[in-house]
Amino acid sequence: MAETPCSDLSKAEEILGRYPQEEPALIQVLQDVHRAYNYLPCDVLERVAEALEVPLAKVFSVSTFYKAFSLEPQGDTIVKVCTGTACHIRGAGQLVEELERQLGVGPDETTEDFKFTVKTVNCVGACAMAPLVIVGEKYFGSAKPARVSKYLAEGGADEN
Amino acid sequence: MPTLKVNGRRVIVDSDATLLDAARAAGVEVPTLCQFDGLEPWGGCRLCVVDMSQANWDDDWFKVVTACNHPVDEGMTVITDSDRIIETRRVVLDLLLARCPDTPLIQQWALEYGIEQTSYTPNPDPDDCILCGLCTRVCDHIGVSAISSINRGWGREIAPPFNQPPPDCIGCLACAEICPTDCIPFETSTVRRKIWGKEFEMLRDPKTGEAVITKEQAEHFAERSGVPMTYFETSDRSKRREMAKTFEKLQVVK
Amino acid sequence: MHMIYKVSVERCIACGKCELACAFAHGSEGRPAKTRINIHRRGPELGTPIVCFQCDDAACVAVCPTEALARNVETGAIEMVRSRCISCRMCVAACPFGNMLWDETYHCVQKCDLCGGDPRCVPFCPTGAIAWVPVEEAAIPPEPLDRESLTFETGTGV
Amino acid sequence: MRIESCDQFEALRKQSLEIEANRKQQVLVCCGTGCLASGSKEVAEAFADEIAKRSIDATVDLFVKSTGCHGFCERGPLVVLNPQGILYTKVKPGRVEEIVEKTLVGGEVIPGLLYKDPVSGERVEQYGEVPFYRHQVRVAMRNIGRIDPTDILDAIAQGAYSGVAKALFEMSPHEVIGEVATSGQRGRGGAGFNTARKWQSCKDAPGERCYVLCNGDEGDPGAFKDRSIMEGDPHSVLEGMIIGAYAVQANEGWIYVRDEYPLAVVNLTIAIREARKYGLLGENIMGSGFDFDIKISRGGGAFVCGESSALMRSLEGKTGEPRAKYVHSTDKGLFDLPTVLNNVETWAGIGAIIERGGAWFASMGTERSKGTKAFSLVGKVKNTGLIELPMGTTLRHIIYDIGGGILKDRPFKAVQTGGPSGGCVPEELLDLPVDYEELTEAGSMMGSGGMIVMDDRTCMVDVSRFFLAFLEEESCGKCTPCREGLKQMLHVYGRIIAGKGQAGDLELIEKLAAGMQLGSLCELGKSAPNPVLSTLRYFRSEYEAHISDHACPAGVCRELTAFEIVEDGCDGCHLCYKACPVDAITGVVKELHVIDHEACISCGACLDVCPTDTIRTFPKHELEKAEVV
């Protein structure tokens, strides 16, 4: 588990200012931090621990327990493949493989140019459109491996 | 004070006792791995499962519960050696043996339940940690929380933040001492102590050079207990010598 | 009858029998080093037995994080509950008199528990330097010891 | 405007109804996650533009309807035109002008945009006439698809918060619990605990405060009813929670929502803000003197947080590790204080129960399971979507009459209910009336209402392995049987699907499953063996085929399956050629295509696209035999 610091704590201070400085706010703060920095920088976690008066070990524990958090910088665009049951029986596995062929990275990995991070997610609740690929904020229902490159182009472009 | 029956033996225990306390009071041994008297029960290892029936349940209706954290109640019946309990413990030990095939404590317990070799796929890269959580719980209990469990599921492990020397650690060694499989390495001498990759200066007796605790440990406990810091600064031997001298002064001794 | 542990320093001849008795009584194969009563030897046949005071407001109890030290109301002794001890050694460091002892062999803390109300060291003391007496007798000054007459007996056992 | 009394609330409701009635025409564009993905936002914008351009007297309501509520999401975006009640599917922005021109202005129906019933082949004009919809009885989902979830007045016009008014001004907390008790409602999150009894325990528990929580951590893969309710009618959830809080006299509540449900968070946030503005939430609700406020907490992405004690730990800012429930959360829950935790669907039904009476609710359903239940019907079924039905409806009715049968009319194999904690129900039990007890007896469970239909192309060993892999990733790792057991179970399954299964493997699985069921700490571990045991119970021969014959009868397990194109069936459509990810298929259009077994990775993509069903699977070891010959 590498630790990656960031250079700018001001965003973290702004986030901390929005919550009561106590332990129950921890997960909410970490989510906002993750959104702001695209990962959880180690120095921000230290600051959060101090501000909320939660031991650093507990902050680290929470950061590694929940799937929403990453301690490594993520790609500009997150590509999520839903691997819920409906998507599984309708071929989500093939989508993951196709992404691996196209991007050269498997689930929870980031391309070398930091453009894409691939993730598998548990059921996003759009089972009626299974299988599902989400590129950035864009949902692609009834997804087919042959169209993966198109999804990447469309969703990736949206982000920038 | 509720009365219970444990394996047919009647016992009376305090109302805040657990089934484990009741079993012990009845002289019945229930195996545990994650239980420790000085800490809150946790119910993680699942070795202390027993069959329990409440007074108002049907006679033949039993529920499997962990003895370490289940409260007692008037008229309860507890059975610690039914077939399904033994079989459940066997599965738990078989699984732990697959995780830690080389750990003597687990080997012994497994053998006690008739398991010589695990039925499952042995861990290809084993260590001795059985994830009983005693180390992190004791660390929390003394108000330090320098280490914690990280990740989840099979990936769960015990680690300091970022796998770096933990800033909050006071070097008390409680985690290493409490570990039932002795899998937390540490070094300690009168000069230096090292645990979790963090080095500590020992609080040394100015005269004899002896040391039992670290400076951080003394500061933490002084603050916590209100005992003055000066209490911690000399070794027990020096203190006894001082006391002997005081006696000599107080009482007329040749 | 409330009993108390009485030490008469001027009667101690540093024979070490109490230490041995203590070590035996607590099942450590009789190694004198494992005793919970320690004689500070200050000269030939001159000793000061040092043993736990069972303090009213005890530092060891105050620092113990797991309530592993608790007073036995019957004997008045502060007893160590082995199953609760996490071996953090804080009591060892905190005791102002040096009567909490770290046992490296067993990795636990040892202290005088008054042997449950019948201190095993007492009957072995040839000079009555240590005694288990009713509380009202505690303040009676000890008889001076005739050291000359005792020299023969020491070392042979009682 | 803050409502200060019951009368003011009634006046506001009438006023909202009037506004509603005065709307001549309504264009309802479904904006649930599914339809948004197919571009419904653009469609709604196009309508707004077009209507503004023509200055037609109609309002365009951005309408959030739950994904899959009609099973049309795959053919979304959906548009409903009111007051005619016409339903159009697959509406693209390019057709908006035509719809406005022909239907809104000309009053003419465009047949090509209507829903076509897969069973009869007929086109259905009316929204309410669609068979999928006709069979349903909606209680918890009563307002989904009818209201704009971001408009509180729209919700109030449809009856939202009337239950709150009734409870606060006409009933004592005791009477509220009594009414819920009469309804017999049981928790809709899976375990089916009696709602009223839960409330009563919390009310009786000592503690300076108590809390009311809503479990919106719908983690079961294949279930999305709670998401639909939170997105489509967040007010029903708030209403239920206010009533529940009044019953147990709680002043604070939380809704714990999955992080994967961003739209639900947005709509709930708007709903809470609006409700506060109107004095329906916060201090002195409707001037009744009762204070109650709700906060939203986003989950961090952990399935186990759907478990009540883990959810409470997560709300406290900790890792989601379950605790033993020997002390109930109604006694010691959040922050060790008495706590009522109910599922989204449970809360959503409360307002209706109070308004219409417990007896009305109890008149539906079965003896032991009263009322209606929402299900997400998905998988290999023609009409996938969200349905709400009286308890006791048979699986056959759900799958064939509402679901329209199996995709491509293939044979039905099993229906998986209850998510990873549930089990697979085989064909012989299709006439099983669905309620808590019946499903449990069949080796499955109600769970959060996911129903995943499987056809003959689904391998039951693979499905069980899927659930195990899911749970292994989601296990918190606190207790030994769950953490180690799932890992070892997966090892055995890995062997079996690779054709390396050994004699005794099934017995080993069963022994381990029993140990996990009895030994695990929380329901995740205790119920983890359910998919395994139910498939072993009903489809044991399929396991045996994997182990002794090294064959996957469904043709799914890759290491055991080879593919070939049947010569006389292939019409050379070339679809398989395009679908193959590894270019293992050769052939030109209108000629027979051939699969290169060396290159083939047995992914099955060709079989899925083949329109003539001429791709055959066979055990891979037959290839080797052929080579030897």
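In order of appearance the chains are A, B, C and D, and numbering begins at 1 in each one.
Criterion: contacts are C-beta pairs under 8 Å (C-beta built on N, C-alpha and C of every residue); 3 or more make two chains touch, one makes a residue touch a chain.
This is a predicted model, so every value here is computed, not measured.
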Original post:
So which chain is the furthest away from subunit A, centre to centre on CA atoms?
Top reply: C
**OP:** Going by the contact definition up top, give me the pair of chains with the most C-beta pairs touching.
**Re:** A-D
Original post:
Between subunit A and subunit B, what is the gap in Å from one C-alpha centre to the other?
Top reply: 37
Original post:
Between subunit B and subunit C, what is the gap in Å from one C-alpha centre to the other?
Top reply: 29
Original post:
For subunit B and subunit D, what's the span in angstrom between their mean Cα positions?
Top reply: 43
**OP:** List the centre-to-centre spacing of subunit A and subunit C in whole Å, with centres computed as mean CA coordinates.
**Re:** 63
Original post:
By residue number and range, which residues of subunit C touch two or more other chains?
Top reply: none
**OP:** For subunit A, write out the residues touching at least two other chains, lowest number first.
**Re:** 58, 61, 65
**OP:** Find every residue in subunit B that makes contact with two or more other chains and list them.
**Re:** 149, 151-152
Original post:
For each chain, which other chains does it touch, given as pairs?
Top reply: A-B, A-D, B-C, B-D
**OP:** Quick one: which bits of subunit B touch subunit A in the complex? Just the residue numbers, please.
**Re:** 136, 139, 144-152, 159-164, 166-168
Original post:
Considering the complex alone, what residue numbers of subunit A touch subunit B?
Top reply: 1, 3, 42, 45, 55-61, 64-65, 71
**OP:** Within their complex, state which residues of subunit D touch subunit B.
**Re:** 302, 304, 319, 323-324, 326-327, 472-481, 483-488, 491, 508, 511-512, 514-516, 518-521
Subject >> Interfacial residue positions of subunit A with respect to subunit D in the complex >> reply: 22-28, 30-31, 52, 54, 58, 61-62, 65-69, 83-91, 93-94, 97-98, 101, 121-130, 132, 138-142, 144-146
Original post:
Which subunit B residues qualify as touching subunit C in the complex?
Top reply: 36-39, 138, 141-143, 172-174, 177-178, 203, 212-213, 217-218, 221, 224-227, 231-232, 235-244, 247-248, 251-254
